[in-house]
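Structures for review follow.
Look for chain A in each of the two complexes below; its partner is chain B in the first and chain C in the second.
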Partner chain A sequence: MIKFVVGRTLMIIPILLGVTFIVFTILYLTPGDPGRMILGPQAEQIAVDMLNEEMGFNDPFFTRFFAYVINVVTRFDFGTSFRTRQPVFDEILIRFPYTLRLATAAVVVASFIGIPIGVLSAVKQYSLADLIPRAISMFLAAVPLFWLGLMLILTFALTLGWLPSSGVATWRHYILPVTTSALPTAAGLMRMTRSTMLETIRQDYIRTARAKGAPEGRVIFKHALKNALLPVVTVLGGSFGFLLGGAIVTETVFAMPGLGTMMVNAIRMQDIPMVLAATIFIATICCLVILMVDLAYGFIDPRIRAKFLK
Partner chain B sequence: MESKRKKQSQLREVWRRLKKDKTAMVGLFIIIVFALAVIFAEQISPFHNAIRQSGEHRLQPPSADFIFGTDAFGRDIFTRVLHGGRISLSIGFVTASASLLIGGLLGAMAGFYGGWGDEVIMRIMDTLMSIPSILLSLAIVAALGANMTNLLIAITVASIPAFTRLVRASVLTVVEQDFIEAARACGTSDFRIICKHILPNAIGPIIVQTTASVSGMILAAAALSFIGMGVQPPQPEWGAMLSEAREFIRTAPHMLVFPGFAIILSALSFNLIGDGLRDALDPRLKD
Partner chain C sequence: MSEKLLEIKDLEVIYKTDLETVYAVNGINLSLNRGETVGIVGETGAGKTTTALSIMRLLPSNTGVIPNGSITFDGQNILTLKEGDMRAIRGERISMIFQDPMTSLNPVLSVGDQIEEALILHNHEKRTKEQIKMRVEETLELVGIPSFRKNEYPHQFSGGMKQRVVIAIALACEPELLIADEPTTALDVTIQAQVLAMMKELKDKMQTSMIMITHDLGIVALTCDKVAVMYAGEIVEFGTVEDIFRSEKHHPYTIGLFGSIPNLEQESERLDPIDGLMPDPTDLPAGCKFSPRCPSCMEICKTSPPNDYYDGEHRIKCHLFNIED
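What follows is the complex of A and B.
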């Protein structure tokens, strides 16, 4: 067991290094002179050159990359913002709670909607309780997140006046953004639960359970659901990452001060260290969540564990 | 000659099954209508209507003159949706084909040759996949600048890993079979084996994935343009139009409706066709 946990946890290091390398390389391609961006167009060329030299912007690519990784690992130093000249990590820590709250609430809401409906639609296959949720989920798979958000604002904030349309002051401000993020995820979870559930209830051991006279509710919830939910849990981990990414759009629609709006602003301002740090930070969180899901999976399912023990 | 006839009858069989699938046919119908509208957009309503501003016709709701209404600059929304479709649908097609081509090539090489090349390609793809795709696209746009070409690059790069994995998996199911061994024994070149023997036998899931991915790409392009990181105004892209419409959500909600419906209908149709194709190519998968 320890071997499994350690082995799986260590696997995350090369992935995170790879992620950092890819994002660093992409943003390295940004045209423009970092010293000029920090000091502005009026600054003397000599001051710009000196700043570039001092901050190491003239160093070769790999020197800069390794310096960055070492700073991140040893001091949590993700660089300094071009715009505010403050460490970008401080800003990320201020913004992240909003994004985390939004994504977590959305995953929870999506699971409570998607999984039960998926079970129902598999158990009552081809009935109205199957067809209507499937039609709705087909529709939700095609709706842009931001459009859904705008429509909810139009209906519940502007027309009915029940809920606020922007900001994060109270929990009521979170209702519309969470709904916006949760609905498409719920649709995906519903489809996934339905298909694994359909597969499971056709297995022999389910027929055995029924044959020995177990009540239908027990067969579905005790025998079938337990096994059917395993792949769904993996998908949940992935959708958390998707939601963190999607938060960029949701936050823009609802004017929430999270990581997403911070990133969009940073891109507009050409504040590259900010974009770099935010991207790496979110990708790291996604990897950690997937790691936790995998570990939990290993505890539940001995087959996964066995792969690491050979 | 014999094999050609067989191939044709296989295709005909798939088409026969697809024709029976009513929802897939609805999707196909909508896509054909959209495609025709977009191709003949210039004849239906010329482009200058989409960018000509008119102070007296600002923010008008739908009427006989402007069937979808007008926007904040008095531009005809119908024409803008029509010409926006040119951009949005082409983005979908171009990015889907480009990621299929690049991802397919990488995946086919990884699956066919195996070894360290396979390892390297797949580890890079794993790493790319652990970055949420919209973030990856956003980082690329941030580095290269927000315009249509960079949007295409950004969405393509973010979609390549999924195609590489899929094509590799499909190739692996075929590459171990005896007829490949036979082709090798006959001295057939690798290129010919991949193109003539492996790909035709592995093509089913690839077609399904490509069709369904077009909808994801249309949505991604719209989302990026909506947050101002894609197609720039005054170009009438659907996501960019919604971004402009947002400011007038109180006074002119009709500006939100039509570009939104255009996105939903086209994404939905590609999903429907994708599902239909999946069932038609492999009826066993149907539940």
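What follows is the complex of A and C.
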């Protein structure tokens, strides 16, 4: 088990190097003059050239790439922001808790809505308890996130005045953004749970459980759900990683100071160190989430656990 | 000894879908005394498993319908029982061994847990946790699996071992009636013999009645007291093992079945299988269901369904014998 975890964790290193290389290359190829970005449009051309030379922006591509990687690995230095002149990683750490809170809450809410409704709609296939959730989930999966967010603001913040529409001051500020992120995720989870449950409840071992005289609730939750959960956990992990990577639309609509808004701003300002650091950070988080999902598989399914242990 | 445990009367089962209606079981009569074993033989699709599932009341709820007939178990008609009362019978008084051991066990629960479940669900003797654990180990040992393996999962067992686990689940509560649906079909021949011998031994030990569903006449000869030959949802011939294997009078289908297995006493180049296929269960022939394939088919067979011909307990559903009398 430990061997598996260590092995999987080490696998993250080449993935991150790859991500860094790709993003670094893309940013290297984007037009723009870093010195000009830092000093502003009014600065003398000679000062801009001197700064570029001094900060190594004129060095060849690979020299710059390796210098960056070495700085990150040896000193954990992701560079300073062109805009604020502060170390970028500090800003990421300030922003990340908002995104983490939003993503965690959204995923928890989505699971509590999506999984039970998915089970219900599979068990009561073709009844109203199936048709209505399916129609709603189709709608939620199809609707653009920003529209959903705006409609929620319109209804609950402007018309009814129950909840604040922007900011992060109290937990009440989180309700609308969490709902916006959670509903489409719940819709996806519900559909996935429904389809895997439908498959599972037709298995022979479910009949065996019934033949033992097990009541229906026990058959569904003890025998079927655990078997149906694997693909659901995969989807869940995927959505969690996606939301942690900055729920950009949600954060923008609700003016939350999370990673998503930070990244959009950094890209708009061509704040290269910031974009790079944020991308690497998100990639790391995603890798960790996927690792957790893999471990959860082993927890759920003894057949997979057996492979880990070997 | 001759006390009736189970009596099936005029049972009909259909599977109704939007597209078609499958007539799976068409009016069968069958009774079973305590401690007795009845074999049900017949081709794939003859309605053997459907009959078994009807007794368990485990027909697929969205399609399976029982329009007619009754199944009386120990004096009560189980077809009219409430679901909750039926649940109390299922697994405790009637239990079933399923056909395919590979898929009949839940892959994410340990075998011990799966055996234990039946005991927990039907815990009338108010066994403590310790006693239930003891009983699980006892049951495992009974079917020839060392009890220390109870915490292992189904994927860690071979096919034959899995079937033993399935049998252990069925036997855990010491049922009065055990329905074995082709318990050895998925197993190779050496394991088959072991499992059958074990089942017979357990049955004798626990005084359980058994319905043995199979399409293997050898198994019937080995384990059963009485035999029902099923064809297209009907019992075409019923009798003691003696009647079926030794009697002169037979339904043409039974003769065909015996013709399809190699005979050690007769020199023959080829087997003599029954020509043709089972009729389409959505569109059964009007007269005798076997008439299109029957070598001794007469005019009357094509138009009117035959009645049962009785010779003591031996019963044959065929016009051949009705005409003689």
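Definition applied: the second predicted complex is superposed on the first by the 297 of 310 C-alpha atoms of A that agree within 3 Å, B and C clash if a C-alpha of one lies under 4 Å from a C-alpha of the other, contacts with A are read in each partner's own complex, and residues count from 1 in each chain.
Operating definition for what follows: a contact is a pair of C-beta atoms (placed from the backbone, for glycine too) under 8 Å apart; a residue touches a chain by one contact, two chains touch by 3 or more.
Remember, it's a predicted structure, so these values are computed and weren't measured experimentally.
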{"item": "Three-chain arrangement built on chain A, chain B and chain C clash or fit", "value": "fit"}
{"item": "Angle at the Cα centre of chain A, taken between the Cα centres of chain B and chain C once the superposition is applied, in steps of 10 degrees", "value": "80"}
{"item": "Chain B versus chain C as contact partner of A:226, first or second or both or neither", "value": "second"}
{"item": "Which superposed partner A:83 touches (first chain B, second chain C, both, neither)", "value": "neither"}
{"item": "Contacts of A:30 with chain B and chain C, given as first, second, both or neither", "value": "first"}
{"item": "Which superposed partner A:64 touches (first chain B, second chain C, both, neither)", "value": "neither"}
{"item": "First, second, both or neither for A:210, with chain B first and chain C second", "value": "second"}
{"item": "Which of chain B and chain C A:134 touches, first, second, both or neither", "value": "neither"}
{"item": "First, second, both or neither for A:244, with chain B first and chain C second", "value": "first"}
{"item": "Closest Cα approach, chain C to chain B, once both complexes are overlaid on chain A (Å)", "value": "14"}
{"item": "Doubly contacted residues of chain A, that is, touched by chain B and again by chain C", "value": "125"}
{"item": "Complex interface listing, chain A residues touching chain B", "value": "14-15, 18-19, 22-23, 26-31, 125, 138-139, 141-147, 150-151, 153-154, 158, 195, 198, 241-242, 244-246, 248-249, 252-253, 263-264, 266-268, 272, 275-276, 279, 282-283, 286-287, 290"}
{"item": "Chain A partner contacts - residues on chain C that touch it in the complex", "value": "56, 58, 62, 87-92, 95-96, 98, 100, 103-110, 114, 117-118, 121-122, 153, 155-156, 166, 169-170"}
{"item": "Contact set on chain B toward chain A in their complex", "value": "123-124, 126-128, 130-136, 138-146, 215, 219, 222-223, 226-229, 239, 242, 246, 249-250, 253, 256, 260, 263-265, 267-268, 271-272, 287"}
{"item": "Touching residues (chain side chain A, partner chain C) in the complex", "value": "125, 203-205, 207-215, 222-223, 226-227, 300-303, 306"}
